[in-house]
Each structure stands twice: as structure tokens, then as C-alpha cells.
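In the two complexes that follow, subunit A is the common piece, with subunit B as its partner first and subunit C second.
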Partner chain A sequence: MNATRTIVRQEIRLAFRERLAVALLVVFLGMTLASAAIGWSSHHTVMSVYQETVLQLGRDVPNPFASAPALEVVTNTIIYIVLIGALLAVVVGVRAGVRDRRSGVTDLVLSRPIGVRSYAAGKLLGVQAWMGVVLAAALAVSWLSVWLISRSPLGVADTGALVVFFALAWIFLLPFSVMGLIAGTRSRHESTALLAPLLIWVAITFAIPQLGTAQNPTAMLNPVPSAASTTDIFFKVNHAIFQPISITEHFKHMSGVIMRLPDIASTAWVGDVLSLTLVAAFSVGVLLLTTRTSLRRPLYE
Partner chain B sequence: MNSPTLVFCRKELRDAFRNRLVLLLIAGMSLVVVLSVVVAAAGFHAKVVDYQSYVKAMQSAGQAENVTAPQLFPLQLLRGAIEYLEIVGSIVAIIIGYSLTAKEKNRGTLRLLFSRPVGGASMAAGKLLSVAVIWFAVIVVLGAIMLASVSLVGGITPSSAEVIKLVIALAFSWMYLMMWTAFSYWLAGRARRLSTALVVGLIVWLVVVLVIPQIGDTMDPDNQVPGGLFKSLQVDKPQEQAVMAHFSGYETTRNDLENTSISKHYERASFAYLGIKDKYNQQSLGLIWRDMWANVTWLIGGLAAALGLAVAYGKKRHLLRKA
Partner chain C sequence: MRAAIRTNGLTKRYNGKAGEPALADLSLEVPEGEVFGLLGHNGAGKTTTVSILTTLLDPTAGSAEVQGADVGKSSAKVRRSIGYLPENVEFYDSLSLEENLVFFARLSGLSRPRERIREVLSFLDFEGHEKERLSTFSKGMRQRVGIAQAILHKPSVLFLDEPTSGLDPAGVKLLRDIIVRLNSELGMTIFMNTHLLAEVTKTCTSIGVLRAGRLIYHDSLERTLRSFPAQDSLEEIYLHIEASGA
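Moving on to the complex of A and B:
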């Protein structure tokens, strides 16, 4: 346990020194802030359009934004976690995997009485602890933005919802960190290590959901998940096969439920939690299967 | 005919056929493009089935049906294919452009190459020429698959006008992919560390291809309410335009933001020529050109700029800088 803790501490220290990881952190926090600004601007415009319609056309229709939830202005953060958060997790994971191997530290560490599992678990916990810091900073930025926009602090329930949302994001990003770590410890070149998880991310985010929903790829950039096409047997079968591994769609749906977004068709969330947890657990399992030989491969080549 | 440029071009073409990663990436991209046509066709089939069951239900209830039957415009089935070229194609192009320089740096062959009377510009021109040939071949094959797919699925042979429009859209795709390849080649040559070049390329891809268009869509007031804002306010198109005339500043900002993304220009031009945007469906080439020339100019400008950077900065002194 002590060895794992030492590795975790070392990983966090190194992540803060990694210029690229810090640059991505700045981009991510910047986009979280931008998400609130865009949300506010769109919300403000829709309200003005509504008032203009009522004034100009004399329409007696209910305000479509009257019952919008408080967290509605930060909806875009969902999609930035899927896009930028996942890339950040992959880059940090790859760097953590490549760093020790390149400097020969892996061989040195494994020459001590430390199990491979403790080493891999320490690396993963270190990467995920750093991702936790990133998400906690994003949570603070989101909370403050909503406060500034609505000119009143979020209530306990909404604050709780925001905390749950970022906790869910942490679980969602875990398989991407693991993919980065595995690719980083196995690929000969850092660039190949970056490419493999990235291509899997493209498949999970765009191709797999499309097979079950008939939606076009850019529709996957909508923070609200695409509804399954239920009429055609082709989509029914695909949806049944691919839905469990469509983790981006599960994450978007569960986030919508947490934020109480009006566009969410169903508020059932058990399937989402189950899918995200199972995929995260499976990826951790695969990482823990790493053997001493594979980690020390350069020694035998 | 043995100028260094052509020698590099031939060598790169030979290498590309031996490089499993490049072949795999191109095959994967082609697979998702074809798959998207199949999904679009199945989606259209689902619409027809829905319509037929609606008609049946109305007839058995003794009422007249007042919904028009879904009409198949074969080129509209290519929307997903174009979007995949826009998203996945650009990332494959970045990887290919990056690998053109990365392999020389990783193998340490750059010093050897520059010990001969070879200029960086000839090398860049030769390598990019080979990629131009590869992308041309890929686009031709994809175009043939697209035509065959829409004909088989729709049971309609596209007219000559539709084939011309498809060829124009494919030419845009070639320019778009070449632009990303040249941009990535330039980045890999400029960066001291190869992995930094790749990550910077991916960040630019993320922002230009995904984030900016997504922000533009989010800022569209009509997208703010499920089912559409104006539909929920019971406002028709002319009334919508009258209301939105009061928000021209907001709409201009939104449009300007979208204009900063070259992917959006590629998408707009391709969607217009393929008739995916209803306004341009079944319209003449002249009318579409009148509306789309600015987007096409952006695309050509982007390609010229990327090629210029790749050739101008692909010099010996840039490429041989130490990390």
C-alpha cells in the first residue's frame, strides 16, 4: 500500500510539471467558462426573442424557458467533457505510461519488491487524482459562473447536482485514462500511443451511437443524447448490441437527468450508471492484468 | 523525370502501400463512410415504413391522410459520409501528414537525406505530391462506392447533374483532406518534440472541427428548445425572419464565429452541392455557386496557406533542429 501511495504522489507531482497537461487543463477550464458564457448568451437571446415575438406578433404562448433549470446555462460542459476531457485523460495517461519507460524508471522500480499491480494501480490512481483536481477546478468555475449569471448562488440541491455531475465525469473519464496508460506502457512510440486511444474514442463517440440511432455524426455533438430509432429492425438490433458500450451517450443522458434538462426523454438512470461503472471496472481489470514482462519489454529487446 | 521531388513522391507512394497504419486508417475511414450511407438508407427505409403504417391507420379509420410521402433524393443520403470525412477524415489526414516527417525523424534519415543535394522544399513538395495522389485515389474509390450505394439502396440511378454535383463535393473533400495533411506536415517539421506536434495538431482539430461548429449550433436560438424555439412559439418562417431581424448583431457574431472554422466552410459547400440543405436541393450549379463562392474561396485559401507553410517551413534548418 505504501508503494502505491508513493507512486500516486509522484504521478501528481509530475503531472503538474507536464507543460502539455497543464496547457490542456487551461483549455478545459477556459471552455468550462466559455460554456457558461455561451449558455448565458443563448438564454438571454431566447428570452429576448420570446419577448419580441409576443410584442410583434401578439402571440399568447407560454415562455419556453420559464421553467428552465438553473444548471441549464452550463449544459455545454457535458460535451466539453466528452471532447476535451477525454483527450486530456488520454494525453495524461499516455505521458504517465511513456515517462517511466523512457527514463528507465520502470525497470528500476520493478527491481524493488513492488508488485506490478501495485505499480499499475499507483499510476492509475495518480492520473485519476490529477483528473480529479481538474474536474474540481471545473466544478468551482461552473458554480461561480452560474452565480454570476443568475446573480444568486446555487441552492443546495443544484450544488449537489453539480457535484454529482462532476463525480460522474470522473468515472466516465477513467477508461480513457486507462487506455492512455496501457497504450503508453506498450507502444514503441509516444505518437502511436496517443493515436490508438484516440481512434477508439472516435469510434465510441461517433460511429457506435450512429449505428443504433440513425443520427448523423455531428448530432453526437449535441449535449442531449440521440433517441434510438425504434421502428426499424436494423436500428433495434444495433441499439441492443451497441448501447451498453456507448458510454458517451450514457454519460450525456445521465448528465441530462442530473441537471434536470427538459429535452431528456427518460429519467431512468440505472442503466447509465451500470454501463459507465462496468466499462470503468473492465478497463481497470485490463490494466491490472499487465504483466512484468510487458512492462520490462525494452530490457529483452 | 528524376527530379528530387518525383523521387520523394515515388518513395512515399511505395512506403504508403507498406505502412499498415496508413492502410488501416484509410480502410477504417472508408468503412465508416460506407456504413453511414447504409445507416442513412436504413433510416430512410424506417421513414417509409412509418409513413405506410400511418396511411394504413388513417385509411382504416376512414380518414384522408394529410402527410406527404417521404421523397428520396439519393445525394442526401451522403450527409453522414461528408460529416465523417469532415471529422474522421481530417484526423486521418493529420496522422498521415505527421507521419511523413515523424518516420524520417524517428529513423534518423533526415541528416542522411540532407547530406545529399536535396532541398527541404523539394522534399516537402515530393511528399505532399504523393499524399495528393493517395487522397485522389481514396476519394475516387469512395465516390464510386457512394454512387453504387445510393443507386443500390435508392433503386434510382443518379442523373448526370447529380453525378457532377457529387464530383464537385468530392473535389472539396480532396482539398479539405490535403489541407489538414499539409498543416500537420508543417507542425511536425516545426515542433522540437514530435509528440508535441501531434498533440497540438489534435487540439487544433478539436477546436476547428468540433468545438467551434458546436458553439455555433448551440448559439442558434432555434436549437435552444426541444422541437425548435419558433415551432414552440407557433411562428412560421417569414415571421421568424421578421423577429430575427431585431437580432442581426447576435446572428452576425454567431456566423462570424462559424466562419473561423474551415470545416464549416467545407460542410456548407458540400451540403449545398449535394442538396442536403433543402434550399439548394435540385437547384442549378450557377445558383449554388452564387451562394457558396465565399465558402469555396475559404477552402482554397486554407489549402494554399497550409501548402505554403509546409513548403516554406520544411527547410533543412527547421527540420534538423534538436529537441
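Moving on to the complex of A and C:
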């Protein structure tokens, strides 16, 4: 346990010293701010349209946008976590996996009284701790953005929802960190260490959701998917196969439920939790199968 | 004297490689307090031997013990009793000397690493560099950091894989002096892979010669020098053993 804690600390320290990790953190926070700006812009636009309509009608009508949830302005953060956050997790995971092999310290570490599983677990917890820092910073930025836009601080319930959303994002990013770590610790070449998980990321983010929720092809880039609409047998079969592992779709749906976004069915979240948990557990299981031999494999440029 | 290292029929065949094994039927005993030099050409099996003894590699057959603990069955116990300096040792360049050493000290289970780091750096006459990043260190300085991390937890057996490789003459002399002091002052048993015979003459108490994975010679340095009166130097003795096979 002590050895694992040592690896975790080391990973966090090294991530803070790495330019790429810090640059990705800045980009992610920038995107979180952009999400708030886009949210504010669309809110401002619809409110202007409403006021203009009221002016032209010459009489007061109820504002249909007044009851919009406070967190709606940061809805785009959901898609940024799916796209930029997952990419960040993959890159940070690969760097953590490759670092010791490239710098040649793997043998030194493995000659100390530490098991391979403790080492792998320490690496993963370190990467996830770094992702926790990123998400905590994004949470703070989102909270402050909503405060600035709505000119009043978020209530306890909305703040709680935001915290739960970022906690869910942390779990969602876990399989991507693991994927990066596995590639980083097992690839023979540094280039394939990054390329392989990126291809899988593309498949998980773009291809599988298309096959799994192909009834709704535009769901991919929407923050939250809408209900299925086709009855075609091909899509039905694909849906049955891929829907359980479409973790991006599950994450988007659950995020919508947590943020209380309109038109989101709040009934299917148990399946979402189950899917995210199973995929995360499976990926951690695969990581813990790492062997001493694979860690000591030479790494070529 | 009790054996610090004992191997019995140790064999290593790498996966998918047919033909001769990298290490064949190595049976060897290194008593406590020795400085043992394992000699051999490149590819003779020296690094494979050290990798097995440091628990980094599993043997295909045979057994090995370090301080009475089996390298396969009690690997954690073995790791607690050994220090290891690999060839061309590298560290985390973005961290300082102290940060690197604290990491390895904690991995070795030391609860007060900074105190021990001060002691070790003082022993190695290497104080004053604690806050410097390792990216600024020369090869010789890195070797000393390598020795420092290897002895932080006071191991009883130290494995050095080509410790003087790539060092300038001043660096070689400095490292040689450190090895001698580690043995004489701290009582460490030292197992050293090398093909620099001048170093062996000045540091080792016994030697072994590996050829194509097989141990073809093993004796004390003193007896070795006496047994080959026709040869003027250890270099000539080594070449003679290599050529004759015994």
C-alpha cells in the first residue's frame, strides 16, 4: 500500500512537471470556459427573441425559458468531456506508461519491494488523481461561469448536481486512462503506444455510438442523445450489441439526468451506471494483468 | 562462510529463441563479504544472470538464492536485501536529485528518507547537489546517484551491471573507490558484471568467467593470478581462459 502511494505521488509530481500535461489542462479549462460562453450566448439569444416577441405582441406572455435549469448554460461541457477529456486521459495515460520505460527506470523500480499490480495500480491512481485535478478545476470554472452569467451563485442542489456530474466524468474517463496506460506499458514503439489507444478512442467516441444508437445518427455530436426512432432490424441488432458498451452515450444520458436537462428520460440511468461501472471494472482488470515481462519490454522510438 | 548468493543449474532460454540458451546450467556460490566480478564478452549472459538474481527475470530452469531467499518464491524478501545499479542507469530528469532519491527510498520502505539521503550523499562525498535537476548531471554524477539509490535501504548484497561503462578515467577511479569502500566499510557483498579487467584487479576478491551462457571458470582473484604464471596480467589470463575454456 505504501509503495502504491509512493507511485501515486510520483505520478502527480511528474505530471505537474510535464509541459504537455499542463498544456492539455489549460486547453481543457479553456474549453470549459468556452462551453459557458456558448451557453451564455444561446441563453442571451433566446431571451432577446422572447423580449422582441413580447414587444411586438404588445402584451405580456409567460417566458418559456425562465424555467430552464441553471446548469443548462454549461451543457456543452458534457461533449467536451467526451471529446477533449477522454483524449486528455488517453494522452496522460500513455505518457505515464511510457515514461518509466523510456527513462529506463522500470528496472530500478521493479528491483524494489513492489509488486507489479501495486505498480500498475499506483500508476492508474496517479493518472486518475491528475484527471481529478483537471476535473476539479473545470468544476470551479463551471461554477464561477454560471454565477457570472446568471448573476447569482448556484444553489446547493445545483452545486451538488455539478459535483456529481464531474464525479461521473471521473469514472467515465477511467477506462480511457487505463487504455492509455496499457498501451504505454506494453507497446514496443512509442508511436504505436499513442496511436493504438487513439484509434480505440475514435471507435468508442464515434463509431460505436453510431452503430449502437444509429437510429439517431446525429446523437454523436449532441451533448445528449434523443430517443431512438427507427424500427429497422439492422439497427435493432446493432443496438442490442453495441448499446451496452456505448459508454459515451451512457455518460451523455446520465449527465443529462444529473443536470436535469429538459426532454431527458430519467428512468434508464441504472443501465447507464451498470454499463459505465462494468467497462471501468473490466479495463482495470485488464491493467492488473500486466506482467513484469511486459513492463520490461524494450521501447523503440 | 555463509553464501550470499547461490545458484543451482540456473538456465535461461528466451521465448521463441531456439538453439543455445542465454544462460546454461549456472551453479555458483558467492560467500558473504566478497566482491565478485563476473567476466565475459558481450552476450555471454552476464546481464541475464544479474536480471535473474535481482528478480527482474524468471529462470527457465534451476534455482537461485540471495541471502537464503529463493528469487522465485521469495522475491519480495530478495528485493529487500539487494541494491541494484543497471548498466546506463537513468532517472526522472525533470526531478531533482533529492526528489529522485526520496522516491526510491520510499519504494524501499524507508519512513525518514531525507535523513538517510543525507547520510548516503555524505558517504559518497556528493553533497550540495540535492536541489539540482538530474537533466544537468554528467554520466559520472548519474552513476553516483545510481549507487546512492542502490544503497539507501542498506542492502546486504549489491548488484552492479557494468558500473564503469561510459565513464572517463577520473569517473572510473572514483567509482572504483566507492565500490571498495562499500565492501570494506559497510560490509556489502558485491556482485559486479564487467569486462574492464583493470577494475577487476583493483576491486574484486573472486571472479567467474561466462562464455556463451556457461560458467567456464570460478576462483578467487588471488589464486587465479597464482595459477597462471605464464600470463602477465589478468587480461591475458582472461583471454587464455576464454580460448581454452577452463
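Here, the second predicted complex is superposed on the first by the 275 of 301 C-alpha atoms of A that agree within 3 Å, B and C clash if a C-alpha of one lies under 4 Å from a C-alpha of the other, contacts with A are read in each partner's own complex, and residues count from 1 in each chain.
Following the convention adopted for this analysis, a contact is a pair of C-beta atoms (placed from the backbone, for glycine too) under 8 Å apart; a residue touches a chain by one contact, two chains touch by 3 or more.
Predicted model only: the values in this text are computed from it and were never measured.
In the superposition on chain A, A:247 makes contact with neither subunit B nor subunit C. Counted by residues of subunit A touched, the larger count belongs to B, out of subunit B and subunit C. Of the two partner chains placed by the overlay, neither subunit B nor subunit C lies in contact with A:169. With both structures placed on the common chain, the touch criterion links A:20 to subunit B but leaves subunit C unconnected. When the two complexes are overlaid on their common chain A, residue A:10 makes contact with subunit C while staying clear of subunit B. By the touch criterion defined above, A:189 lies against subunit B but remains apart from subunit C after alignment on the C-alpha atoms of chain A. Listed in rising order, the residues of subunit A touching subunit C in the complex are 2-3, 6-7, 10, 13-14, 17-18, 99, 103-105, 107-115, 292, 296.
Here subunit C touches subunit A in the complex through residues 54-58, 76, 79-80, 82, 84, 86, 88-95, 99, 103-104, 106-109, 149, going by the rule given at the top. If you check the complex, the residues on subunit A that touch subunit B are 20, 24, 27, 31, 34, 38, 41-43, 45-46, 48-50, 52-53, 56-57, 59, 61, 64-65, 76, 79-80, 83-84, 87, 91, 189-192, 194-195, 198-199, 202, 206-207, 210-211, 214, 216-218, 221-222, 229, 231-232, 234-235, 262-263. Taken together, the subunit B residues at the contact with subunit A in this complex read 21, 25, 28, 32, 35-36, 39-40, 42-43, 45-46, 49-50, 79-80, 83-84, 86-88, 91, 95, 98, 102, 106, 194-196, 198-199, 202-203, 206, 210-211, 213-215, 217-219, 221, 224-226, 229, 232-235, 239, 242-244, 246-247, 250.
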